[in-house]
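Two complexes, one shared chain (chain A), two partners (chain B, chain C).
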Partner chain A sequence: MANSAFDSPLGVNASSASQSEQEAATSTTTFTSPGTQQFHPSASKLWLRADFGATVSDSYNVTSISDDGTGKATVTIATDFGGATYCVAATVNTAEGSGRWATIDNTSPPAAGTFEINVYSAAGTLADGSFMYAVAFGAQ
Partner chain B sequence: MGNSAFGVRDTSASESEQQAGTSTETYVSPGQQESHSSACKFWIRATTTGGITDSYNITSVVDSGAGKLAVTIATDFSSATYCIVAGIVGDEGFGKWAAIDATSTPTSGTFEMNVYSDASTVVDANFNMAYGFGEQ
Partner chain C sequence: MELYCIWRSITLGDFKLRILYTGLDGGVLVVGAAAKSDLEKVLGLLTDEGYKAHVWERSIPADAVGAVEIDDAQVLPDREFRNAWKQSGKAIGHDLIKAKAIQLERIREARSPKLAELDREYMIADEKGNAVEKADVGVRKQLLRDITGPLKALEPTDIQQIKDAFPSSLKD
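Up next, the complex of A and B:
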């Protein structure tokens, strides 16, 4: 991403931090702009809320979700990660007493641009809930 | 762009510029950093009795029964469709996990967290944690 320069107390031609500068997170002579804030390691790279029919009700940096069957949904990321080792966590929204929980599937392991959420019942079988949530961190 | 303490051509990003997430000609100030879509909007660590041990943008937590905590957010989301991810601190050997309650549906400013045992009953954990993402 190109830098934009303007006058500032950081220097006559202080510029907005590039993606790599945000990822390195060491510069004190560039400024963070809205267009590159998300590249900092502390920033989430995606989040979503979706139902079990693959309808996304709210999200950031998510292209789509596919319903892969009971308790299974594959998330397609808009701007991919730089590898498949990113951190992703999921939680399920479910009726009180239903005992559902969410994990990330390792049978279809996460790729740079996709991952699968699995939701289970307390008995350990795949089961739907009301909504699923996920958030992820890593370098793009 | 207007005048600012940074010089004559620059200005800090507004809330809407942060939410759009595209400008490279405005700078992010501490007062608007959280408005970016990538930013966490709240986080919390609380005891089972509703004691907040650490938090960001949380007003209060109420113990609403065994394994149930009702969380009130300080600066609300703009809708109820925000993302919540939750977890617990629990003793080794006790299979517990967290979920967001769909019976007490999340609103823009509140949600309820449930903790389950592997028998699918609602039970207390040692500590409860949650994070929220979305637009305020």
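Up next, the complex of A and C:
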């Protein structure tokens, strides 16, 4: 179901893509509009920057982040994914010389509406950093 | 448009709801919400009540203990003993038993490479048949083994005593 129509380089009465057209990602006769572009499979459905004290400095489609303890955080998504097999990546920054890496916790694996980030020191123990970042892709 | 901007500025547009609660394992969790204005990009315009209801419903589990909204500006304790935090209403203190256990483990971790180095020195002395050096290494190893003693004996009444109990000889 196409949205508003008007004359465009795509042809007379070209229309903006609906959510389902964005999700199908096959149309070459509709155009993308700001209100539906995020439904395309290639678009990020969520992104986040937060510190380790659960302060979200910037985000999209994130309800909250929970500081669960040293090096542990849970992200709650505002609009769920369609399942739990979406792709999520996380990273961390910290002071120079204090190595950290972020992982997506698999002892409590991602659910449609949440995922957990664990951050480890070079010694392999849970540790805080300065900021954590996450981005996720998949069908909602 | 001007009126809309004024209205937005006096509602919760940039406010970030913050909630504190205790989990079933006794750990303290701090939930920080995204700003209402950021959530509205996904959920559409929200009333202040709608924003708070969304955050509570999505973020706070049914089995949360003592869940309470705290001021966004509330200063939380430093994170040195984060896993020993203990909730008391809207305040956060420390479980001193947990904090003591954490500090003991940190001392053991810091001691471990020093003991390994002394083991190496002992073997070299042994290969050389140097009984004096072996005895000296033995004394130094015993000092390291005993280094947790003062903290083990401590009955702390505040977190600073536990912080201060980390031996200076292990700080390098």
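A few remarks follow.
Heads up, the rule we're going with is that the second predicted complex is superposed on the first by the 128 of 140 C-alpha atoms of A that agree within 3 Å, B and C clash if a C-alpha of one lies under 4 Å from a C-alpha of the other, contacts with A are read in each partner's own complex, and residues count from 1 in each chain.
Simple rule for what comes next: a residue touches a chain if its C-beta (ideal position, glycine included) is under 8 Å from a C-beta of that chain, and two chains touch if they have at least 3 such contacts.
Remember, it's a predicted structure, so these values are computed and weren't measured experimentally.
More residues of chain A are in touch with B than with the other of chain B and chain C.
When the two complexes are overlaid on their common chain A, residue A:113 makes contact with chain C while staying clear of chain B.
Of the two partner chains, chain B is the only one touched by A:133; chain C is not.
Residue contacts after overlaying the shared chain place A:78 against chain C, while chain B stays out of touching range. By the touch criterion stated above, A:58 is placed in contact with chain B and with chain C alike. Contacts of A:69 after superposition on the shared chain: chain C is touched, whereas chain B is not. Contacts of A:93 after superposition on the shared chain: chain B is touched, whereas chain C is not. In the superposition on chain A, contact of A:33 is made with chain B only, not with chain C. According to the touch criterion, the shared surface of chain A, contacted by chain B in one complex and chain C in the other, consists of residues 58-61.
By the touch rule above, chain A contacts chain B in their complex via residues 1-4, 6-10, 16, 31-38, 43-45, 47-49, 57-61, 89-101, 121-123, 129-131, 133-135. The touching residues of chain B, counted against chain A in their complex, run 1, 5-10, 13, 17-18, 20-28, 33, 36-40, 68, 79, 81-87, 97-104, 106, 114, 116-122, 131, 133-134. For chain C in complex with chain A, the residues that touch the partner chain are 16-18, 23, 27, 29-35, 38-39, 41-43, 54-55, 58-59, 76, 79, 82-83. On the chain A side of its complex with chain C, the touching residues are 50, 52-56, 58-70, 76, 78-79, 113, 128.
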